[in-house]
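Labels run A, B, C and D following the written order; every chain starts at residue 1.
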Amino acid sequence: MSVRVQAEPFDAGAETAGFTAAQHDAGAVVTFTGIVRDVEGGLLRMEIEHYPGMTQSAIARIAEEAVSRWSLADVLVIHRFGALTPGEPIMMVATAARHRAEAFAAAEFLMDYLKSRAPFWKKEITREGAAWVEARDADEDALRRW
Amino acid sequence: MTIDVLYFAWVRERIGLPREKVVTQAATVAALVDELRGREERYAAAFADLSALRVALDQELSEFDAPLDGVREVAFFPPMTGG
Amino acid sequence: MSVRVQAEPFDAGAETAGFTAAQHDAGAVVTFTGIVRDVEGGLLRMEIEHYPGMTQSAIARIAEEAVSRWSLADVLVIHRFGALTPGEPIMMVATAARHRAEAFAAAEFLMDYLKSRAPFWKKEITREGAAWVEARDADEDALRRW
Amino acid sequence: MTIDVLYFAWVRERIGLPREKVVTQAATVAALVDELRGREERYAAAFADLSALRVALDQELSEFDAPLDGVREVAFFPPMTGG
């Protein structure tokens, strides 16, 4: 299990390659990559603030919960903070399991919890100004299915 | 007791600082919030609607009615928007 | 939308990198990679037979169905045939969408249909002999949720 | 009419060839299967249990009661195991 919180960009392809190559008993690898999308008005940059003392442990706890719920061979979570531009990967999760259903379920669970329970806040800076991204009710609702 | 109080995102922006030390006898998070609200308008603005806020005690998500006994670090922030 | 049926190995990391870099309006990329797992008795190789005249069009139809059901920015399917050894990727799917729920649902849909509706047959060759992999009821059942 | 008949996986192995041309007047897939079963033991073995088989007509999945009228290629195989 690996959790990385970093300002530096990461290469989703290289991470996928490394994660996949490290599996010896897994038949299924699922990855999710979140990318900064442009917004109306033209996104100059996205700034991601986080709570340094809490972030790593909060994500690790979510990952441990996933490992305890599903039979996972491995889990990877990478989440960036700082300034990002449209098209850049914000974060990724990868899960490895014997069968696909477990790998998919665990990846969706990780995403749902990272969205609403990991201490990150996004701010969008356009030509027209800056605005904090508001949490969506749908994201909070998504937690109820687990 | 002296507690480290941290603010993130628009809570930090409204209050105008990322962290401060607060000397308080508040028994609960809600009592601490009431004290802070009484300080200055910027605190009152930041804490106007608690349903729009979340709190962490010693880096774990908690509730506004939680006791502060033994807590060293309190963080206030809006709902998280990671992922 | 890209569908490739090939005997040659592929690099899941490089494919993920290329697919992700090509997205301009997608906020979410999901990939699934299936890997040859070792089996009891020790797998010497897996042989994948397919129906050349039908495979490409059957997969393309499944991918088009996914595009019509969800709002997808892009879909990639790669499936190998021929002889593979344990640890090698068999196949992958990648989906890109604005939001994660669509990308996840479409990737799971693609996998469920590829498992049971694309004309591939797997044979496992161990020291003890060769055996065709039998279809699992669970895979047929998985189709009912869509 | 002359139809290309294809076999895959263990159907191919039991019958001992991957494809052949078959001259037939069979009206449906099921009627064609009956003709093939009557040929030789290896065909009877391959087609012993139709519930274990699938059929494609001109490269589209179909059913055993489907008509053969106008069909040029029939393929028999076990349930697919891709992915």
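One rule holds for everything that comes next: a contact is a pair of C-beta atoms (placed from the backbone, for glycine too) under 8 Å apart; a residue touches a chain by one contact, two chains touch by 3 or more.
Remember, predicted model here, so these are calculated numbers, not experimental data.
Participant: Which chains lie in contact with each of chain A and chain C?
Facilitator: Correct list: empty, since no chain touches both.
Participant: Provide the C-alpha centroid distance between chain B and chain D, rounded to the nearest whole angstrom.
Facilitator: Once rounded, the distance between the two centres reads 72 Å.
Participant: Could you please state the distance in Å, as a whole number, between where the Cα atoms of chain B are centred and where those of chain C are centred?
Facilitator: The separation of the two C-alpha centroids amounts to 49 Å.
Participant: Compute the distance, rounded to whole Å, between the mean C-alpha positions of chain C and chain D.
Facilitator: Measuring from centre to centre gives 26 Å for this pair.
Participant: Which positions in chain C touch two or more other chains at once?
Facilitator: Residues 34, 100, 111 of chain C each touch two or more of the other chains.
Participant: Give me the residue numbers in chain B that touch at least two other chains, ranges are fine.
Facilitator: In chain B, residues 83 touch at least two other chains, as defined above.
Participant: Considering every pair of chains, which are in touch?
Facilitator: Those chain pairs which touch are A-B, A-C, C-D.
Participant: Along chain A, where are the residues that touch chain C in the complex?
Facilitator: Result: residues 11-18, 20, 23-38, 87, 89, 98, 100-101, 103-104, 107-108, 111, 142 of chain A touch chain C.
Participant: Along chain C, where are the residues that touch chain D in the complex?
Facilitator: Touching chain D: residues 34, 48-51, 53-54, 57-58, 79, 90-91, 111, 114-123, 132-135, 140 of chain C.
Participant: Once bound in the complex, which stretches of chain D touch chain C?
Facilitator: 6, 8-10, 12, 56, 59-61, 73, 75, 77-83
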